Every structure is written in C-alpha cells, then in structure tokens.
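Shared between the two complexes below is subunit A, which has subunit B as its partner in the first and subunit C in the second.
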Partner chain A sequence: MSLTDRVLGDRQRLAYIASQAADARLNVELETEGMTLNIGPQHPATHGTLRIIARLDGEQVVWAEPSCGYMHRGYEKLAEVRTYPQVTSLVNRIDWLGSFANEVPFILAAEKLMEVEAPPRAQHIRTILFELSRIANVSLFLGDLGVQMGAITPVFFAFRDREYVLNLIEGATGGRFHPNFDRIGGLKDDLPKGWIAETKAVMKKLRNFCDQIEDLLFGNEIFQSRTRGIGVIPRDIALQYGLSGANLRASGVDWDLRRDHPLPMAWNKADWKVWTHPDGDSFARCWVRLQETRESTRIVDQLLDTIPSGPIMAKVPKIIKVPEGEAWVSTENPLGEMGYYVVSRGELGPFRVKIRSASFNNISVAPWALRGVYVPDIITILASLYFILGDIDR
Partner chain B sequence: MSTTSETQPRITSVAEVKAALGDRLVDSFHKDDLWLRVRTDAWKSSMRTLRDTLGFHYFCFLSAIDWMPSPYGRGEDDPTEPPPERDTTIRQGYAGGATRMQVFARVTNPVTHVSVIIKADVPDDSLAIESIHDVYAGANWHERETHEMFGIGFDGHPDLRNMYLPMDFEGFPLRKDFPLLARMVKPWPGIVDVEPLPGGDGDEGGDE
Partner chain C sequence: MMSMLAVEVPYWGQSLLRVLGGIVAVLLPAGTIVYVFLFKMMSFMQSRLGPMEAGPYGSLQLVAEVGKWLQKEDIVPERADARIFKMAPIVVLLSTFLLIAVVPFGPDAWFTDFEVGIFYALAVSSLSVLGILMAGWSSANKYSLLGGLRAAGQLIAYELPMVLAVIGVIIQAGTMNLQQIVIAQNSGSMFGFSGLGNPYVITQFVGFVVFMIAIQAELTQAPFDMPIAESELVSGYMTEYSGFRFLIFFIGEFATAGVFSLIASVLFLGGWGVPFAWFGWTDVDSVANWMNIVGPIIMITKMMLVAFIIMWVRFSYPRFREDQLQRFAWKVLIPVSLANIALTSIFKVVM
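Let's turn to the complex of A and B:
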C-alpha cells in the first residue's frame, strides 16, 4: 500500500483534491488573466521579513512561493571561524524565541564527539530550561494566532504570561532572550535560590493561560471555521517535506524526538504524553501546540521535584579541543527538529557545521500547501505552520 | 550510562540496509549513527531504494561538505604579514570519499525511528549530481541552498534560483576558499586585544 492510499479523513481528501484541481487549472488555463499578489516583506502576518509571491486566479491561489533571505546571517560560515564555546552565542539567535533550546543540540553534538557527558544535575536543569524556552516560544504562538484572524485579546494574555517565563529564564541564566548558558560538559551556573518555588507558581499560571486560550480561541466558531479543513497536509507530504514537531504530529505521525531518540537529557524521568491529531489541518497544528504547552508545564513541574544533587559541570579542559569525527544530534525544539551536523578535525573550532533548522523544512511545504487556497487562508496556514524567520534563513 | 551505548540499538538493520543497496554502496561506517557512501551515479536510485524498500520516508536535510581545508585558516591571520603555509590536503570524513565536494543527506524511518546519513562524491570536473527532488519533495529547497552555497549543480532540478543571495552574487560562500571578508579586513582581536581597554594603562582618564 502506498502512502497516498492511506485513509485520509473526508475533509483532508476534499482539500487534497481542491489543491490538485488548482494545479490542473494552471495547466489548462495558462492564458487566464491572473494577478500576482506580493505579500511582505513587511507584513504583520509574516513574523518578520518574509515575502510571499502569490499568483491568483480570482480569490484562489494558483501558485505561491515564499521568498526567503531577508534574515540570512551565514551562521554555518561564521561557525567555521569560531571556537566551540563561541558557537553557542551564534546559534542562540537562530530561533530567537526559544534560544536556550538552540544551544542544547550543538553542545550535545560537541559532547558526543568529546565523549563527555554532563552530570545528572546539569542534564536535569538543561531539560527544565529547554522546556521553559518551549513554553515561552509556543505561548507567543498561541496568542499571535488570534491576531491573524482578527482576535486581538489573546496576544495580550500571551505577552503577559510569557513575561513570567522570560523572568524565570533571566533569573536562572541572566539573559532573557539569549541565555548563552549551556557549556560543553554542563552549565554555567547552578539555579538561584527560590527559583524552584517561583517556577512552580509560574507553571500554574501558564496552565491557566492555556485554559484561557482554549476558551477564547479554540472553542470560537470563527476560529474553527477559519482553520478546520484549511491547509490540510497529509501524512506522506508532511514526511517527504521533512516537516517536524507539532506540524508532523498534527498530520498523525506519532514521533517525538524527546521520547524516541534517547539523549543525555532528563525527559525520560518525567511522565508525559505525545499528542497527535489525525486531521493535518491548521486547527490540528494549533491544537497540538496547545496540548504540548500544557505537557511542557507538567514536565517542568515533575522535573523540579526530582532535581538530583551533585556538580553541574563535568571535568573538561579549559581549552576545548574536540577530537576528529562527525556527529549529528537533533532535539525536539519548539519549532520542530533542530539538529547540528558537526564535523571536527581535532581543532579549536568546528570544520563544518550544518544547521538543520525546523522552520526551513516547515516553510518549504508552503508552495504545496498554499495551492488552491483562498487569499485570507494564506495567513492562517502560514501562521499555523509556525516559523521564525531567523530559523528559516539562519 | 554513555550516550553511545544508549543509542546503539537504534540501528538494528545495518545488514538490511547494506543488502538493499547492494553494489551501489561504496563504503559505510557505523558508530552511533550509520553513514553510507553510495556511487555518484547511483545517488538518486539509492535514495529511492531507501524510501520505497526500507521505509525511510522522512527527509531530514541535504547539504554538502567542502573537504579542502581553508587556505585562510580560522581567519586569525595578520593581514599585513604574508599568509603562513597551511596543510591543504583533502581528507574526507566517515565513510571515506575521493572528491573535494560531497553531498550528504539524512533520512529517517518514521516507524522504527532508524536514521541513516547518506553521502555521495561530487565529481571535481562536472560538480553536478542528480537531483532527488522527485524522490523527496523537501529536497527541492535544500538543493537550491546547496547550489547557492557550494556551486554544486543538481541535474533535473526544476528551479535552482538563489534563496538568500542576489542572483548576480559571485562566488560560493560556504566553499572553503571563499574568504570571510569580515575577518580579512581587520585582524581578529580574539588572541591579543589590540585596542587599549578604557581605564587601562594607556588611558589618561582620571581615577578621581
């Protein structure tokens, strides 16, 4: 059985056929009087500077393509002239809403090559901070989601509650957006006094926030009609475009790197659930992210209770030389699978770093997903795919 | 509890992968991941086998490596001095190789969660390889990026426009012989600080 024959929901099938019909029409009616619509580079719905060029036939998109590159900073080249500890301050800026989560896979890749492992306490705190950056990142997504559809209120809740999480990250690391806190072999510092109790209180607030968003948005009729059955991405398309994270799970693939790819982190020490949704539409992607935020607050709560005692740094030399070899480590970042392919030549800095960022793959499906949709749906589909511009361009 | 031993059981089908690829496989390397190197002319058919026979449906990424060490080192040379002699022997990584440029990709089986990293040599003279965008649709953008950054051609790719740089940009930024200009115009102060620190010995400012 080929993957395309897999049972899709009726809604999915209809949207699938609609997009193919648009494709067919492109071939037949080449001489139609179309219109080319340029969205961006500056547009409130693009979360930065992304330009979308759409060719329209009436209200329907016949062909659309995002045009990237407004945020390209060349981190792969820059990493080649930096030492390993310096690279973390670069990769911090890839997905700027969940910075700490960008550092972790790079550090883990370097540790893998050096065959050192962070002590259990450091692994534990890493995981907590990782999940906190996920909460900070995705809570903003949940608030921003309403704005794309004309609901202004949720974004204020989101900014208010994200502030609590950012304060926690600042309290532990000293940096609100760019912590640069992860070190090869452990962490820069231990947690400050009183941080654990404060975090627990904030997690409670964040769970309330999730409930609020669910009441405000997910039950809302307008929201549902704007997202349900719109932008359906079937399982096989999601896989071959390399969609990851919530986008993939919303298409029914039960795969979470935190659970399925064991890493020296503490996710397996908490009891949590991987959420999936069979529909693959915009609503499913938003819904999975909402559940994941809840799940993250539960992970943090459980891990806070079980932080082991001990050192936070393993014994690593002051000047870090990483032995020759190649390593790939990826983690389940707020946006999806974020990985680093590090090639080392036994020098102070990496020979080559390939940064596999989630948004690049997630947005590469846009030309496929936008075919046949109506102009206002471009915004909801792109919003539900959820990308950060720095994560596309690197 | 070491990372390696914990991740080892993930690759359970090394023999299976090798058997399916047959004589298209040139070399392989198995640590905690599985590296495969296939013949250049079998790049696309190997990817197809991986997807259809072995169920590697998830496309993770595709990129390239330039194995020639940079003639500029790590950009820490003094621009007023003649550049030092550097070893520029090409030495490929895991699973070997015979050319300066290699493309590599990573694909995953979403059911068993087994992944492989697959490499192929890119001939030095033609600098081109088959496009796999019709095997994995997601490779389309990755090939565009690789073409832009390394100058590697992908035969059969529908549209190799630049993604990031202007179309008239000259050079291929991720090649090792492309200088990082920011490091060329000003000596890197990373080793010795060349500027006096405020409040240091050279500073006349008062201590009052």
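Let's turn to the complex of A and C:
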C-alpha cells in the first residue's frame, strides 16, 4: 500500500506532494537552493536540548530529523554501580515532570524478582501518587501547548494549578520534583493527616483547570486550524514506530497498560475510561491528553475513598539483595510506555538495567510526521508529540 | 498648534515645540501601553501580580528596564552588514514619528494640517517594512531572515485591507484631512439625533473591525506575530539585536501601537472631539479654546481603549500560520472591505 493511499488529512497529503515536488526541484539543482535550519540545541521552542535539523524549501520542510543525545546522563550505566534503593533517586530524573511515575516500574521489577508484593494500602497510595504525577506532568503540557503557538496566557494557568498538585506530592513525600518515595516492598511513609481532604479539593480545581483550558485553547478557531489535520500519524504508522501512550491512542489504537496489563497496582479498583481519537492529528493528541487528565482526577478521587487500612511496607530484609533473574515491567507513564528490564546476579545492585522510555520512541516518528509541513508546524507537531528531554536521552 | 498660545513664538521656537510635542506624543503612549497593558493587565489576566518592586506598585519598572537596556553592549554580529544593521531600528522608529505628524489633538492642537493626511499616514506607516527587512537581511542569521521575509509578506498583505477599510470613512466624511474627519463626526447626526454626533464606528462598523484586524497585523501582535514568533524563530528579525538598538525596536513596537490606536480613534471614535451639539458649537471655529487641553486627554483615553482591545487579543490568542494569515487577508478581509466600500458609496449617493 503506497503512502498516498492511506487515509491522510487533505492538507497533509497536499503537503506531502508539495514536499516531493520540492525535493525533485532541489535534486535537479534548478532554481533555488534549499536552506538547512538547525533548530536547537539551544532554542526557545525545544524546552531542552533537542536539535532538529530541518532542510527547508522556503518555509516548507523537505526533510527534518531530530538529533538527540545532548543531555545523555548515562543512567543505565550508573544504575549498575548503585544498590537497588539508590537507583530510584536516579530514575526520578528521567521524566522530571512526573518523577514518581518513573520510580514505580523499577520498584515493581525489583519486587517481581524478589517475589514480594506491596500491601494493599501501599498499592493504593502508589497509584494515587502515580496519577498525581501524571496530572502534574500533563497539566503543564496543556499550558505549554499554548506557548508553542504563541498564546502566552494558558501556561500561567498551568503553572498555577500544577503548583497545587506539586504541593500535594510534597506534602506526602517531602519532595516536589524528585520524591524518591517508593521502596521495594512498599512506601517510605504513610500519608500525612488531612492530605485526603486536601487532595479532593485540589482535584476539583484541576477539573476546573481542564475546563478552562478547553475553553481558552481547544475551542479557539486559530488553535484548531493550527492543529486539525496537521501532523497526521495513521494507525499503522503509529504502531510501526512503536508510539505509546496518548500519541498511540490519538491514532485510534485502544491501548492502555493501566487497564491491559495486570500489575500489583490499584487501577482496576476504580471506574475510568480509556479515551481514543480516530484522527491521529495534533489536535487528537492534545485532546486525548486533556481527557486523560480528567480521568486521572477521577481515578484519584475514587481511590481516595477506598484506601484500605493496614501496613504500608511488606516484610523485606534490611539489606536488600535481589535474587538472580531477569524481569521486565512497564507501566503507562504520563508520556507513554515506560519499562525497565532488570538483570540481577544476586548482588546488592542490578547487573544491567535497560530503560525503555516513551519519548525516545515517540520522537522517532518525527521525520515521518514533519515531512512537507511548514516551519511553524514543526513546533506544533513536536509539541503535540510531547517529549521530555530527560526522557529521550536518559 | 501655536494659535492656542497667547504669546507670539518665533519660528525656531515653534519648531522646537513641535519636535518636543512629537516626542512626547510618541513616547508617552508607548510608555503607558507598556506599563498599563504589557506589565499590569497581562499579569492580572494571567493570575499574577507583575512588577511590584521598582517604585510604588512597580511604576518605575519601565525606567529600570530602559536603564538595563542602555547598559548593555551594542553587539553587531561579525558577518552582519554593519551599516544597514545599525540603521534598521532607526528606520522603524522613524515611520512612527512621521505618522504622529498628522494626528490632530484638538481644534488648534495639531502638528500639521495636511489636506491628504490619511493618505500620507497610510503611506509612511509602510516605511517600517523597510526597516524590518533591513534588520532581517543584514543580521546574517537564518531566523532573522525568515522573520524579515514573513514580516514583509504580512505587512504588505495587510496594508491593503487597512487602506480599503479607511476608504469607507473617507467616502462618508468626504475628506482625507484627519482634522476634517474629526469635525465631520462630531458635528454630524444620526437620523436627526445629534446628541452623540456621528462616530463612524457605528455606520462603518465593518470597516472598524477590518481596520482593527489589519492594524493588529501591521503591529505584528498575536495572533499575527509570525515575524517574531518566539517559539519558532527565537525572536524573528530582532534576534541579533541587543542593548540600545533592541530598545529602539521595542519602543517602536509599542509607540506604533499607540499611534495606530490614535489614528483608529480619529477615524472611527470621533477623535479629540465631544459631540458639538452638547455645547451648541456649529463648526471648528466656534469650538471653545479649552478643548485644546481637554482634547489630548480625550485622545489618550480613546487610545487606551483601542490599545486595550489590541492587547486583549494579543494575550489570549494563539498565532496563525503564515499561509493561513495570507489566506485570511486575501480571501476574507479584502472582499469584506470591498463590499463595505460598495455599500457605503451606494448609501452616500442615495441618501
């Protein structure tokens, strides 16, 4: 099946044809020469050090390629010389906007190897904190989306309302960005007094924030004309490139690890919905994330009502030695599927850790999605694919 | 301007007063817009306080900012065309100063009484394109170049709807002189009722809307801020500028916003005047002398009103893409303003 046979948006198809023409024009060295534009590594739009090499014909992109690695910190290697409890403080810093969610799959992998399971109360609180970090992460995305398109007001609303969530995370864990709260076999501490009531009030505020963003941004005609039909990623392309998370669901694939993948977590205790969108364009990706934030507030609300009593720590030895073996655990993180493949040789630390982070795969579709679009669309498509630099480079 | 003073002033004195008046009329609106709207209103809309430390309620923030820019090094990139690079911001500011020359502030308070004032104003307003193109080209920077070219395309495209929107007013007033347009609005009447005069914002509402959209684009404010587009082009044609020259661009941006607001209030909101029927005036000669003092105050008030709309839109809208922007100008604004001209001419002839 050729590319043009696939169901693409009209504009995307026209842009693709135009890019073919532009390419041909460049190849026969007629008329004008193309221009290579290096967007980044230092550029206000890339919120980090991502470099995008774009070959332009006028304002149209002939081809573009993201070049990553400017922020590589070598966490996989560093994890080999740390003990298991120490690794959480490293992986906190992978997706720095939703730190707690990074700890969970690693801890779950270690627990799987040790064959312990956190007590139900710990599972509940883990899930609540996991969803809170998702809300903190995605609410900032929703605001940042406006800035990428020149609307400066939404981002301030996002920062204001994310602050409430960060305060909650700080209240429970002691850390705003890097909680380092998850332990093998449970959690470091129980919830503080009054935290549950406060969280419920904040969830209400966050739902208001979602409504506000929907009014201010998603309902705006200019926003829609900038995102609808732009950067269409069809279903099979999304699957081929290994997209995950909201990017995949926006292409119409009903896939959510929280629902599909049985883990010792509390998601199945709540009633919530996995949102998908058939279009696969930038708007769909943003819209799915907005709906997900709402669902997350619902999950948190329901789990707060049903927290069981009991211990928050299972019986684990003081000095943790993980028995020999290999384990793979992945969860549905704010950015998509994040997993750890942990190889243990029965020592204090892991022998090898492979980190599968969502952004690296999500960004790999960029050369496909950016072909033929205009320069401003580079920014909106990358913004809607939503990557965190720490999550790309690890 | 001079007949309002009771004393005879020699010619050089008159010229000096005009120059000083021009500088005040350009810089005062710029400063007011920056402080009131850019610093404070934007902050309140975004649920924050804005500057609060410099002076009471942050009122000296502007002075601090200017001081900061003046201290910075005046950098010219190595590959840049130095002479043109240095000249560009001045050309941009120049067009603003040329614009203010025809704006009337009172029955006798004007810089020049120009017969084809609005024609002149529209002509010199497009001079700023030259400055922007010069800046974009001479910076030897790809982002600057893209920004400069976008600005040129956009400013030329939106010049046309602006001119066409103004033509409706000219047809209705029957003159191109801005002073005469003000008088025509204030001495006019709507259906025999002269209590409000005849501000053209009512009869020329379509023209007003088109004009506002066009000046939004001329000023490169969001949603038409493609040439600057900080999330794509870093800072567009201003990327390489620093210090004093950046400050001139900055002043130019907001001074032009102020002057265009002044022109919009002259064309559509009745300018410096109050409806003449209130005080029983019949023409410009019978207008009381105190209007020379009250007139500028009324003008500043109306300017703030128009600038408020410009800034309000700027703070809440995302920006267009370049091709959407052109399509909007050619496919929507120009046909609408042409229809407006046709209707206005028909009514003018019939009534």
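Note that the second predicted complex is superposed on the first by the 362 of 394 C-alpha atoms of A that agree within 3 Å, B and C clash if a C-alpha of one lies under 4 Å from a C-alpha of the other, contacts with A are read in each partner's own complex, and residues count from 1 in each chain.
Assume a residue touches a chain if its C-beta (ideal position, glycine included) is under 8 Å from a C-beta of that chain, and two chains touch if they have at least 3 such contacts.
The model shown is predicted, which means the values in this text are computed figures rather than measured ones.
Novice: With the two structures laid over each other on chain A, which partner does A:K354 touch: subunit B (first), subunit C (second), both, or neither?
Specialist: first
Novice: Looking at A:I319, would you say it contacts subunit B, subunit C, both, or neither? Reply first, second, both or neither.
Specialist: Neither partner.
Novice: Once the structures are superposed on A, label A:M35 by its partner contacts, choosing first (subunit B), second (subunit C), both or neither.
Specialist: Once the two structures are laid over each other on A, A:M35 reaches subunit C alone.
Novice: Counting residues of subunit A in contact, which comes out ahead: subunit B or subunit C?
Specialist: If we count touched residues of subunit A for both partners, the winner is B.
Novice: Using the touch definition from the top, say if A:D236 reaches subunit B (first), subunit C (second), both or neither.
Specialist: first
Novice: Considering only the touch criterion stated at the top, classify A:H72 as touching first (subunit B), second (subunit C), both, or neither.
Specialist: First partner only.
Novice: Using the superposition on chain A as set up above, list the residues of subunit A that contact both subunit B and subunit C.
Specialist: No residue sits in both footprints.
Novice: Which positions of subunit B touch subunit A when the two form their complex?
Specialist: Listed in rising order, the residues are 1-4, 6-7, 10, 32-33, 35, 51, 57-61, 63, 65-66, 69-70, 74-76, 91, 93-94, 104, 106, 110, 113, 117, 136-138, 140-141, 149, 162-165, 173-174, 178, 180, 183, 188.
Novice: Over in the complex, which subunit C residues touch subunit A? Could you list them?
Specialist: The touching residues are 42, 45-48, 142, 146, 150, 222-223, 225-226, 229-234, 315-324.
Novice: Sort out for me which residues of subunit A touch subunit C in the complex.
Specialist: Against subunit C, the touching part of subunit A is residues 35, 37, 43-45, 59, 146-153, 156-157, 160, 216-217, 220, 222-223, 225-226, 374-379.
Novice: Spell out the residues on subunit A that touch subunit B in their complex, using ranges where they run on.
Specialist: Residues of subunit A touching subunit B: 3, 68-69, 72, 74, 76-78, 80-81, 111-112, 115, 117, 236-237, 239-242, 253, 255, 260-264, 325-328, 330, 337, 339, 341, 343, 345, 347-349, 351-352, 354, 356, 360-361, 364-365, 368, 393.
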